[in-house]
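Pasting a structure here, questions to come.
Naming follows writing order (A, B and C), and every chain is counted from residue 1.
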Amino acid sequence: MHIVVCTKQTPDSAAKLTVDAAGNVSWGDSPIVINPWDEYAVEEALLIKERLGGNARVTVISMGPEAALEALKHAIAMGADEGIRIWDPIFEGSDTLATSYVLAKAIEKMGDVDLVLFGKSAIDSQTGQIPVEVAYRLGFSPLTYVIKIAELDPAGKTIIAERLLEQGRQVVKAPLPAVVGTIKGINEPRYPSFMGIRKATRAQYPVWSATDIGADPAKVGAAGSGVRWTRIFSPPTREGKAEIIQAETVEETVRILVDKLMAEKVI
Amino acid sequence: MDFSLTPEHEMVVRMVRDFAEKEVAPYIKEYDRAHKPFVRAIERMAELGIMGICIPVRYGGQGMDYISLGLACEELERVDTFLRVVMSVHVGLNSLGLLQWGTEEQKQRFLVPQARGERWAAFGLTEPGAGSDVAAMAATARREGDSYILNGEKMWISLASMAHNFLVFARTDPKAPPHQGITAFIVERETKGITTGDIHGKLGVRAGSTGWIAMNDVEVPAENRLGEEGEGFKIAMSCLDNGRYTIGAGATGLIRACLEASAKYAHERRTFGRPIAEHQLVQQMIARMRRDYEIGRLLYLRAGWLKNQGIRNTWQTSLAKWFATEASFAAASDAIQIHGAYGYSDEYDVERFLRNAKGACIYEGTSQIHELIQAQYVLGYRQDRPLRCELPAYDPEEWQREA
Amino acid sequence: MSNDIFVWIEQFNGQVAGPSWEAIGAARTLSQTLGGQVCACIFGQGVEALAKDAIAYGADKVFLADDPTLADFRLEPYTALMAELARQHQPALILMGATARGRDLGPAVAVDLETGCVADCTALEFQDGQLVATRPIYAGKLLCTCTVPERRPAVFTLRSRAFPKPEPDPSRTGEIIQVAPILKEEDIPSKVTGFQETVGGVNLADAAIIVSGGRGVGGPEGFEPIRELARTLKAAVGASRAAVDAGWIPYEHQVGQTGKTVSPDLYIACGISGAIQHQAGMRTSKVIVAINKDPEAPIFQLARYGIVGDLFKYVPALAEELKKRLGA
């Protein structure tokens, strides 16, 4: 069984972000890390591989410039078998429409993929659209918001997944190959092992260009995108500090609070 | 000269930090308040291989270098001192002692399970009446056929009530001066005559375990003797070279914890209409923490580099330990000052940092002992002599070889 | 291309998801500039009654597909039908709620039509003839504006509660057009084999009021007063990551960067310090109340009202007071 995990690099979630007038985002000296949501996808791939008695191969891919190596390295250190970076300068400026095209072309090139795993979304651009778009492009079963893979039958080529929707868990049976978008709660991602760290720092990470994956230049980058980002800015800051309510007694304090909330018409 | 960490080191740092932040930081206050040993955290360190980080793979370890050990200690103590204490005794004082002095058979029997984290290790040197003054050691070991009979008591022993293996020092020749009359033994908890207990009412490191070991006619087979008879003092001192290294690195992490907490709070807290970060005297305390953190880090990384090269590093390690422990106490005190009255309460971490910092100024050589060591090296009263067994230089190939 | 706006009306067991009506409201507003019709797309089984509701909320036209193959939301038949309707009628815009299903359907339709889909919009307005969407990025620490400059239709998914829900007007009239599904059951590979509904839960994303507990609640039993206050206010119960990670309450309740993003009218944070990751999930709440022992907790920077004190005193007292005042 060949499992592909798509990952992305993001600034650390605790990073303090600033944005300049030109809309360039910077995160100080915070490190670039694997997108935290993707760790669940990598872990799930490794769990599946372990369940199949090692009878599976886990390939991690990431579309991005040099910094994308961080995501690949982390996944290899966790235990993935190989990492491939998908990059070409003409990919610059891709929205999800174009990105999903590139990823789908790369997966197509591999030819033998049974399962493609994703994290829920990337914590930076936070669209969450890529998994379903890649599934749609490849014609793979689209399974997003998966909190549990209840059954995976490589021989019968089926998967049963539980998807967490607003009202509860939907159980879906679908044929393989499938795209699975994982969410937190599906597992507890492991840390990289020391042996994995050594492997990750010594591994070769091939780079596949647009030509390598047979991508049509008209469908990638800004040319292949539907959405254009026009401005990035900080949200308006909330006005100063809270009005602290403090009266003689607890009862009096909450009475004042309720008065204020009623005046605000929120209760 | 190259001051940069390798990509491997950077990943080790992130991995250990993630573990400490996710699995220890959220709960540490609870354990510390209750004086409850955080056993699960030690088990996790064992599972993750942290307790065998710099031991060769063929001895059950992870095959990383000595610098990785220091970096891990910095990250661990940044969250709580007890984590680093485990590393000091299990890795620094005991396992590396076995790596340096043990026979191949001893390494297979004792080091392998320790490096795997299956058996935890402690170090029994200090006694109720003998701390820095090793000459006052009262524990004895009497040769009887193929065995030694050990008697005596060890005190202030980290992991005393939890460890499976002890490296214990006892006098085999009561008449000889200490550097000739002391011998080291590997004693397993299961041995008859061993009792252990905990010490209560400690100022700090309350989520850790500190206790005593009593030995009453404990029969230890001669093959458990580490090194030669009478070589114990040298062994103890070489173990301290490694224990102190972990302390210096850890205390550096504690300074960083103080620095991070102080910087964060200084931005949040406002007095006289502005964040206290803008007050110059607060800035001064923060500047000093930054200075001491950087010095501490340079000192321990140099010691780690020397270890990697296989170069004796007694005074460099002593300096790293002395400087960083004293500086961590000062940083914690200033961190409380910056936090004001809140820092004085256990709602914030900084009061725990202060309580935790003090112990390391006392154990593995008080600050005063380290001052003397520094002066004595400079003045020529003390110099290193080659040892029968040196700590092996780090050789990646050798360390990562499977068998 | 027409100037029509398509709105997908999401329903589950005949219940329409809140953001769908909000999307109709947004479409109405946009149609004033654009000039076309607002067309609701309702897919399901036994959902005819919803067509009238859609008109009451502001639709001019309803495309109604009522068929067993559409009973459960499945991406394949829904995408095929939505994309086909778009090809036939050439709307300028397609709007839907940024719910789990909407965030699947929107991009899938966009790929089918080779167009752009803007996720999770919190504001939409025309600037120089171009529709500009505002959306949060980096967990709400930053915002960005996006356009779909050339391709049509442009697809937008709208964040829950970011747009006002219109008042239904039962006197409105409109046209209902029955449409047939595109895919037959045998052409739909995935099968829904079960659904376990969350019991007794209020959907965090839809909730007008949320009462949340954090590390300060101290343990699973500490959520009792939080739940009691929530019951009194008919509110949903939220939690910080600290409380979820400690195992005090299930993940479904988590608000924040690694949990749900919410935007209620009232958010009461109890024993939550307000780490930046938590703020990311609730900062757009209309009114935030913080109850915390620590006056320096960052949550007080964000809250409109604060009480510095023990939540175990103030939360029950607040519930009592509300019972009296709301006559519950």
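Methods note: a contact is a pair of C-beta atoms (placed from the backbone, for glycine too) under 8 Å apart; a residue touches a chain by one contact, two chains touch by 3 or more.
Given the structure is predicted, the values throughout are model-derived calculations rather than measurements.
*Asks:* State which chain is most central when centres are taken as means of Cα atoms.
*Replies:* Ranked by how close its C-alpha centre lies to the overall one, first comes A.
*Asks:* Based on the averaged CA atom positions, which chain is farthest from subunit B?
*Replies:* Following the centroid criterion, the farthest chain would be C.
*Asks:* Roughly how far is subunit A from subunit B, going centre to centre by Cα mean, in whole Å?
*Replies:* Here the centre of subunit B sits 39 Å away from the centre of subunit A.
*Asks:* Using CA atom averages as chain centres, what separation in Å is found between subunit A and subunit C?
*Replies:* Comparing mean C-alpha positions, subunit C is 21 Å from subunit A.
*Asks:* Centroid from C-alpha atoms only, then distance subunit B to subunit C, rounded to Å. What do you get?
*Replies:* Roughly 53 Å, centre to centre.
*Asks:* Using the touch rule from the top of the page, what residues of subunit C touch 2 or more other chains?
*Replies:* Nothing qualifies.
*Asks:* If I count partner chains per residue in subunit A, which residues reach a count of at least 2?
*Replies:* none
*Asks:* For a test of understanding, state which residues of subunit B touch subunit C in their complex under the given definition.
*Replies:* These residues of subunit B touch subunit C: 22, 26-27, 265, 268-269, 342, 347.
*Asks:* Inside the complex, what are the residues of subunit B that reach subunit A?
*Replies:* 6-8, 11-12, 14-15, 18-19, 48-49, 53, 62-64, 68, 400
*Asks:* Show me the residue ranges of subunit A that touch subunit B in the complex, using the header's touch definition.
*Replies:* 31, 33, 73-74, 77, 191-195, 197-198, 200-201
*Asks:* Show which residues of subunit C lie in contact with subunit A when the two form their complex.
*Replies:* Touching subunit A from subunit C are residues 12, 17, 72-76, 79, 99-101, 103-104, 106-108, 110-112, 114-120, 132, 136-151, 154, 189-198, 203, 205-206, 208-209, 233, 251-252, 254, 257-259, 265-266, 276-277, 283, 286-290, 295, 300-309, 313-314, 317-318, 320-322, 325-326.
*Asks:* Quick one: in the complex, what on subunit C touches subunit B?
*Replies:* Against subunit B, the touching part of subunit C is residues 215, 242, 245-246, 293-294, 296, 298.
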